[in-house]
Each structure stands twice: as structure tokens, then as C-alpha cells.
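Labels run A, B, C and D following the written order; every chain starts at residue 1.
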Amino acid sequence: MGISLGSNRYGKAENRVVRIYRDTPRHTIRDLNVSTALRGDFARAHTDGDQSDVLPTDTQKNVAFALAKEVGVPSPEEYAVALARHLVGAVPRATGAQVRVEEQAWDRIPVEGVDGGHDHGFVRRGTETRTVVVTVSGRDADQRTWVVSGLEDLTVLKSTGSEFRGFLTDGYTTLEETTDRVLATSLTARWRWEDPGGVAFDEAYDAVRATLLSTFATTYSRALQETLYAMGRAALETDPRLAEIRFSAPNKHHFLYDLARFGIDNDGEVFHAADRPYGLIEASAVRDEASDPGEAWTDVRSFL
Amino acid sequence: MGISLGSNRYGKAENRVVRIYRDTPRHTIRDLNVSTALRGDFARAHTDGDQSDVLPTDTQKNVAFALAKEVGVPSPEEYAVALARHLVGAVPRATGAQVRVEEQAWDRIPVEGVDGGHDHGFVRRGTETRTVVVTVSGRDADQRTWVVSGLEDLTVLKSTGSEFRGFLTDGYTTLEETTDRVLATSLTARWRWEDPGGVAFDEAYDAVRATLLSTFATTYSRALQETLYAMGRAALETDPRLAEIRFSAPNKHHFLYDLARFGIDNDGEVFHAADRPYGLIEASAVRDEASDPGEAWTDVRSFL
Amino acid sequence: MGISLGSNRYGKAENRVVRIYRDTPRHTIRDLNVSTALRGDFARAHTDGDQSDVLPTDTQKNVAFALAKEVGVPSPEEYAVALARHLVGAVPRATGAQVRVEEQAWDRIPVEGVDGGHDHGFVRRGTETRTVVVTVSGRDADQRTWVVSGLEDLTVLKSTGSEFRGFLTDGYTTLEETTDRVLATSLTARWRWEDPGGVAFDEAYDAVRATLLSTFATTYSRALQETLYAMGRAALETDPRLAEIRFSAPNKHHFLYDLARFGIDNDGEVFHAADRPYGLIEASAVRDEASDPGEAWTDVRSFL
Amino acid sequence: MGISLGSNRYGKAENRVVRIYRDTPRHTIRDLNVSTALRGDFARAHTDGDQSDVLPTDTQKNVAFALAKEVGVPSPEEYAVALARHLVGAVPRATGAQVRVEEQAWDRIPVEGVDGGHDHGFVRRGTETRTVVVTVSGRDADQRTWVVSGLEDLTVLKSTGSEFRGFLTDGYTTLEETTDRVLATSLTARWRWEDPGGVAFDEAYDAVRATLLSTFATTYSRALQETLYAMGRAALETDPRLAEIRFSAPNKHHFLYDLARFGIDNDGEVFHAADRPYGLIEASAVRDEASDPGEAWTDVRSFL
């Protein structure tokens, strides 16, 4: 009875790379959390303890910081592509690499008399985390590159314009129908680029984000599923270079607090925001002529 | 050898009270995390298991939600004062109450054609948490009320305009002096009102926050201590009703990454943002004629 | 240009189900965090807001609690299988279900004069979280069931018996070789059962866990990769019913603190335990005659 | 109108110091999280940016690691006392220091044929965090030292033997009385030593912990208040050197799930474990002849 090494990969996770551009007095900042992972034929490291094919994760960390200067961070996507390709190139036994980046945005601090905020004083924006997953497979002419952009923890809420009724019931159903409820979620979205070449990723991010937000706000919701799919369609319609978009959205329940027990009306005004459990809705929208996703979604955390 | 009951208090922590104002189509939202604590003579509950003096924490929860409707949340401070006074009034054995509130801000979602954003679609702001601690002591004519407003986790960064040198050294000192470093902190601040009566707390909050931010940005820093004290002075000068302000500020270290090892210049451009350990600086500014703080700071978490 | 609904699923996440067996004075407790997800043809909910095919997540929650009594929790695996099958049966449009369970263990509190600890007083064990992912696909005679058991956050450390040397180097390599280091990880492991029928899951869990621990302790380590693979082989050899086992293991770096600067020897005695970044090693061991994993690993969080 | 510097302190927080004793093949490990804070006359650093009185937090970090070797960690208490006294001695302007330590326990991994577990393979225990707060005030002959030992997050549960009834009610009371409920808490306890000199802290810790646990298990509970006070009394009776003990204990509610709606009995068998809100009970027991606590509790996080 034999036992063999199965799939494996390794890298350095959560390098906290902060890149400041200070070529002019008006600085800019890119605040990244960078994780790398290499795939390939590293069997000897597992079976014989032979590290001669293994570029240490410590070296991968050094490269992650070095490329922040050598390549820079024009966008987290471009930085991640460069880093992934560099790592495959540096490791003969590697067959592919994945680089994940999470970016925190900083705003300029408003100060009197300075249009658009302070030159080198910043406050963390705090709303959502911007994400990138770049997967590179193969080498040289055969190399393929997939770019998935996205965001995490964009927390949104509608205080009306949401219902939930007409659902399937059985002997375990106790939920009452509602024609007016609070709908809230902490959105995770990821969108795959059909061809990442030439995309202005920062502008594209802002546009997709704005579309997701305004669609959430302006679409009457008969279920979180319907809202997500409307958001996905709107995003794909906004930018024809998007092949698909996927969502993971906890339904953050806001339960109307029963104040009638105390003789108090509560017509949609006082809610208990519950932590757990929560509904978890995952959905996606795909362009009909989209290419096969290949390895774009391989090992992407908690996704469809 | 005797053993006695020492100090004690009890309450319901982290009630997630969400209050929506929907009297017009343009809704507003107050998103609170409310904790209550009662002090008093509750010895029998501890020594004899006799609960007859004890208003259950479950009832305190009901009151926290009920007052969100009956009193409303014109500001978290006014809501907290009303709740604290109600609880003391409801419990004959209580000698005092403390109510803590944390508030998350929501912004209106920007949509085309609607000035100032959507009527009932919101996105969580995410920057900092606004805090309130109200302490009430005594009853009726003798009742005293202290209000401490504040904020937590306002994360700010200066990419230049900060030095650290001329410090005390000894045989364990290895830190090198620097004349240009990144200064970053996740600010906690709390300010005590000399007389909370008649304060427009929401406007006052915005003003203190703006002063803290702009002072951080525009003050050259020779140490985080100096920056904090400058921020404190500026806040007290902005609003004469403030008696004092206290800060707790982790020095979130950004270490220049050593790229010279790879033949790469790094003149303040690429940093490693470290998690732990961090410097922790606590400081306060007090108006000279400020009243005695009394119980304002009793049991306030992790503060001077 | 068309856009279509892509893959999707929905359920209730993180139901905190606590089941107490109290048929005798010696109680037992199962403390679960249960998440459900349904797949199927729910297109109308997304495209038309029509919920008639959708069993609410609230009902799934009710079922999760009800089955804790009706089926009970002989093991988290058996409970999860019953819950997943029930949900597919309850929803005509469902084509499959996944149930994830995390279990916290409780130990009896030691008391004088009671062998094996108190009858109904417990202390949370705290070491690791036990996990189960059950995936059910299809209905009736065609229904397939996969069971993946596992653990998370089993934190282990070797204070010697670990080296790292002979690795690939390049111009970005600064790591020095070491013949004696601290090796620590917070282990996540998941093992797939070839045929879950008839397995005594609680006993099997204890055996796999004990094998993983003792192999970690007694195997000289030339890399975390080698250690993981040795642990995987040992687990598969211990229980022939296991088809494969997969690991995700952060290399929790312990850096020797440089005390020579102060004239103090530090021969492997004082370390700084770093948070981020960390190496992240993922590896797996597979029995040669193992069946195809089918959907066993679909949507399993952050795994190979 | 003048503004002055108020109270202030500074230090290095969360130094992750791991000390391994390897003088024999049977290693032992002390895994600490160490925070320092200095008080004194540091006004010039705040008002003039003059650091000449300030020993950098970076130096404090170096000392924290160096003393782990020079003094060692016979117990976290003894290490903390040495560190606090060293820091006051090293900084002429310091009037006092506080050192906080959190310790994680590690158990030896059980292996066949080795009594008491492996020599250098460890698994993190995970139950609770052991804590120490040492406060030193003054210098030389006038120096005072207070030691407060404790634990955090010791999570305990009783599946019966707990009631809650006979409580005060008013118009907002909806809670029903219960004569049999689940009682669970995640205990924080801190005990002050009358005279820390000569205490064998590790043994004393184990004894206090065991007393707290067994008292929780064996005492019938008419309220969490009564249980805490009984635990406190028992601890003080166990060790006459304890002056007082203080508790902070969230009442982790376990709500009986209403299964009657589905025709299922639920006689104390299936519970929903709620996250928020939770009752928060704080209480203390004091020996009648205890000395004044002085500065022992100053700045101790979230305590009475």
C-alpha cells in the first residue's frame, strides 16, 4: 500500500509592504499586505528533506519588498503580476505562482488652505479592503497570467426598499414574510479580467466600486440574491473587459426589537443587529462569451 | 480572619442598538453598541443569592432598546445620559450607573442625480469609532453626571515631518537617531466636558476630530509625545467647554526595509509595517481651571 | 452581449448549537458552530426575485437546532451528514448541500473525590478546533456523500530537532542556514474518509490527532515540508480508511534575539515570536489507491 | 486661560518574549507577551520635543529580551518585578514603572514510552492566559512593589446547578424565572499579593486556578454574582497571602432553543449560544485585614 505526496505549495504570507512615493512634496502611499505562493516540483523537500529546489520564503519576502521599489506599485495588480512572474523566473522547479494583495486606502487629512488635503498627512479610509489575486502558470512563451481584482468588507445597508416573501415553507419554517426590512451586508466581491493587459486598474476599481454601491442603493430588493445579481450585471455592463464577478455576502440580520411589550410602537425604527448566525449568500454573474477561467480561481479563499 | 465583598457592578454589555429615523423619505441612522453597568448595594445577591435588589441585565437590555425609541438618539451622549439616569431611577439599591456607547458612522451612498447621496442607502464609513462614557452618581437633587466623549482607532500617518533623536541612551540602546521617519498611530482620544448641558455633541465631535487630524498633519513631530500634547492643546483651545483630553496612542512602527543588501536605494520609500511590539504613548492635556474629574474616568478602559 | 447567472449557493452560517446530554447525572456536551449551504437551481430568486424555490436560511437554522435533538450529535460527522441530507430532501430544487461544523471540546473540571472530573462542570479545552465538512450531491439512489474531518489551530512547537539549510539561493537571499532552530506552527489538517460508513469518528479523531502530535515531536525536521509529509504518511498508515490528508501550516517564526550587542550569550534561549509575515506551507499525502475526491473539497476554505 | 500636561506614561507594548531552558535535554518553555510603561517627569518631551529624559521604547524592548536571559523567567512575576525595577533604575526621571505579562502555557506532547511527554516537543494548552501586573513606585529605600497575578479567558460552563429567580422586576422586565439553566462565563480574575516576597508563584497559580475551577463546579448558583463571590472567598481561604481577588465575568448566555414549535421536546438539551449582548458581572472579595492597595490596580485594564 503506497502513499504519495499530493498537491502542495509554499510561500510567505502577509508581508506588510508600505510604499511611499515622495518624488514631490505631495507624497502618495500604497499600503499592502502581500502573500506569495509557489507551486512546482518540490517533492524532494517533502520526501528527503532536500531544500536545494526551494527558494526560502524569507527570500520571497525580500523580493516582495525589493520590487515595491524596483517595479513600484502603480497599482496593486501590476505589482502583483511583476512579483508572481519574478518568483516563477527565480525558481527553476516552479510551475506557477500566486500572489495575493490586500490594500488599505489612505485619504489626505483635510487642512485649511490646502486644496485636496495635506501633502504628507494621511488618515486611513477604513471602508473596505481592496484585493488582488494574480495567478501565473508556466514559463516563457507558454506563461499564462490571470488577474482577479476585488474588495472585501464593504459594509452597506438599506433602511427600506427590501422585502422577503413568497418563499418555500415547511414544518420547520417560522420566519414571517416582510414587505419592509433592513438589508445589510459586508460585501466581498471579486472580478476577473478577460485580458488584464492595458487596464488602468485604479480607475477601474473606483468605477466598479461605485457601480456596486449605487446599484445596491437604487435597486428594490426582493432578496439578497436578486440584489447581488443586479450588482453583478451592472458591473459587467459598466466595464466590457470584465469576464465575470463573484460575490460572497453575509446577510447581516437586523431584527426589529419587540417594543410592543412595553406599549411602544416600533414601526421600523429600532433594531437589534445580530452577529451570528447570518445568512450567507454567494452568487456570480458571467459574461456569455467569457473565456474559461483556467486557474484564475484556484485556491482563492472561500469562494464558489 | 474575615473576608468581605469588595467593589462590584453589573450590567448588560454590547447591546447592538440600531436606530433609524424614517419620518421623512430621507432616513438617518445611528448604529450603537451600548453597555450598561450599575453600582450600588447588591451585597445580598453575592452573599445570599438573593436577587430581590437586582434588576436583571435582560431588563437593562430591554430599556436600552426602548429608550432608543422613547428618547431617541439625538446624539449618543444624550441617549447615554438618559439611559444612565433611567437605570439609577429604576433600581432602588443603585447608587450609580455607567453607560458606554460606541458608534459606527454611515455615509450616504453616492448616486447620480441625488445631491448628498441616497435617501436610504448607506455605506459604513469605517474610519474611527466614536465613543461615549456617561457616569451618573447619586439620585435626585444630589445626582451628578459626567460625560466623556471620544474616538477609537482613528489611524493616521505622516510620511515625513517626524524625527526622533537626542534621547537618553544606555548599554541596552541600539536605536539609531533619525531625522526623517514615518509616524503612524491608531489614536484613542477621550475628552471630558466641563458641563455637558447644552452641548451640541455631534457638531462638537466633528470639530474636535477635525482639530486633532489637522494638528497631527501640520505639526512637525520630535516625538509622538510632543504631537499628542499639541493635539490636546489644540482641542482644548478649540472648544472652551472641554476640561481635559486624554490620549492612548500606539506608535505603529514602520521600519525602513534594508534594500542596500540588493544594491537598491531606499531613501524613505519602502517600509515594513510591524504589528508587535509597538510603542504605547499615553498623555493628556488639562485646562488649568478644570473641575475635579470626580468619577468621570472611573472604570474607563485602559486609560491613565 | 449577454450576461448570465453563474454558480451560486446560500445557507445559514455559524449557528452556535450547543447540545447537552443529560439522561444521567453525568452530563456530556457538544459545542458546535454549524454552517449550511445549498446548491441547486435557484435562478429565479436571482433573476426575478421569486423566492418560491428558496427555503429560507432561517428555516435552515431551525433545522440545525432541531436535528441536534432529533438526530443528536453522536459525532459532529454523523450530525452533519444527517443535516446535509435533510436539507437536500427538504428543497426540491436543491442539487446538493454542504454542512460545515466546528467543535470546541470541553473537559470535566477536576474536583476532589470524583474520578474523572465533575458531572456537570466543564472547562473549555482550548487547544484546537475540530472540523467537519460534509458534502452531499444528488438525491435518492444517486446521492453521494463525502466526509472530510479535520482540525484547526493545533499549535505545536519544537525547541530543537529542526534545521533549515542547503536551500536555493539567489541575489535576494539573506537568510542564513541554521542547524538548530525553533519550529512552530498552528496546524490545520483535513482528512478525507474513503468510505465514511461505520467509522467511529470520535475515536478516529483522537487517534489521528495523537499520531500527528507524536510524529511532529519525534521526527527530526529538515523543513516544515518534510515534517508535514511525515505527519501525513503517519496518519494514513494509522487508519487505512483515510484516502488523503491535507495540511496548511504557517511557519510561526521564532527569531533568536541578538543579545551579543549587550555582551550576553544567547545560545538558543531567547526568541522573538513574530506575527507577520510567516511562511505558509501547504502539503498533502494521498493513498495511491484512493478514490477520486469528487466534490469532497469543493468550497473548502483556503485549501489546496 | 492655561493648559497643562496631565498624567502620562510610555513604554513598549506586546514584546513577544519566548524563553527556552535547554540546560538539560528536557527543555522547558516560557512564552510571554510583555508590556512596559514608565511614569515620571517627562514634561519636556511633551512640551519641547526634548527627548533627553526619555529612554526609547526600543531600549525597553531590548531590556525585556535581555532580562529573559540575565534574570530568566523562574515565574512571570519574578521576571516582571526585575524588569520593572531595572527600568526605574535606568531612567533618572522615572518615578515608577508598570510591567504587564501574559503567559501562554505549553504542554509536553504525549509520546509512547516517554513518561510525562516529549523532551522538546510541545503543544499549546489553550485554556486560559496567565497574567501578571507588577507596579513599582519610587526608588531605592522608598521603592514599593505591588504584584497582581491573574488569568484571562478561562471558559467554564455548568450544564445544571444554576438558577435565576426572585429578581427585581419593572415594566421593562420580560425575562422569565428559571430554576435550571446553563451558566457559562469566560473568567478574568486578578489577585493581589499582600507581600510578594518568597511566594512560589507557579505553584500558587496552579492552586488558585484549581480552587476557582472546583468552586465553580461544586457551588450551586443562584446568580453569577453569588458564584463569583464564592470563588473569591475560596481563593482567599486557600492562600492566606492573598489580600484580595477581583473578577470580571461575562455571562455567556445559552438560550434554550424553542423546539416546541416543531413538536419536539427540549428539556434543557439544545441551546443557542449567543455572542452579544452578554451580562457583565464584576465583583471582588477582600480580606478584612488587607493592606491598602496603593497603586496595585492603577491602569489595570477594565477593572473595578
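The working rule: a contact is a pair of C-beta atoms (placed from the backbone, for glycine too) under 8 Å apart; a residue touches a chain by one contact, two chains touch by 3 or more.
Going by UniProt, the chains are A, B, C, D = Uricase.
This is a predicted model, so every value here is computed, not measured.
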Request  = With chain centres defined as mean CA positions, report which chain is farthest from subunit B.
outcome  = C
Ask   = Same residues or different residues: which describes how subunit C and subunit D meet, taking over half shared numbers as same?
value = same
Query = Rotation angle for the CA superposition of subunit B on subunit C, to the nearest 5°?
reply = 180
Query = What whole-number Å value describes the gap between the mean CA coordinates of subunit A and subunit D?
reply = 38
Note = The distance between the C-alpha centres of subunit A and subunit B, rounded to whole Å, is 30
Ask   = Which subunit A residues touch at least two other chains?
value = 15-16, 62, 66, 172, 174, 261-262, 275-276
Message = Which residues of subunit C touch subunit A once you look at their complex with the stated criterion?
response = 1-16, 35, 37, 42, 45-59, 61-63, 66, 90-91, 164-170, 172-175, 221-223, 225-226, 228-229, 232-233, 236-237, 240, 244, 246, 250-251, 276-289, 299, 301-304
Ask   = Which part of subunit B faces subunit A closely enough to touch in the complex?
value = 15-22, 27, 29, 31, 62, 65-66, 68-70, 106, 109-112, 118, 120-128, 154-161, 182, 210, 213-214, 216-218, 254, 257, 259, 261-262, 264-266, 268-275
Query = What residues of subunit C sit close enough to touch subunit B in their complex?
reply = 171-172, 174, 261-262, 275-276
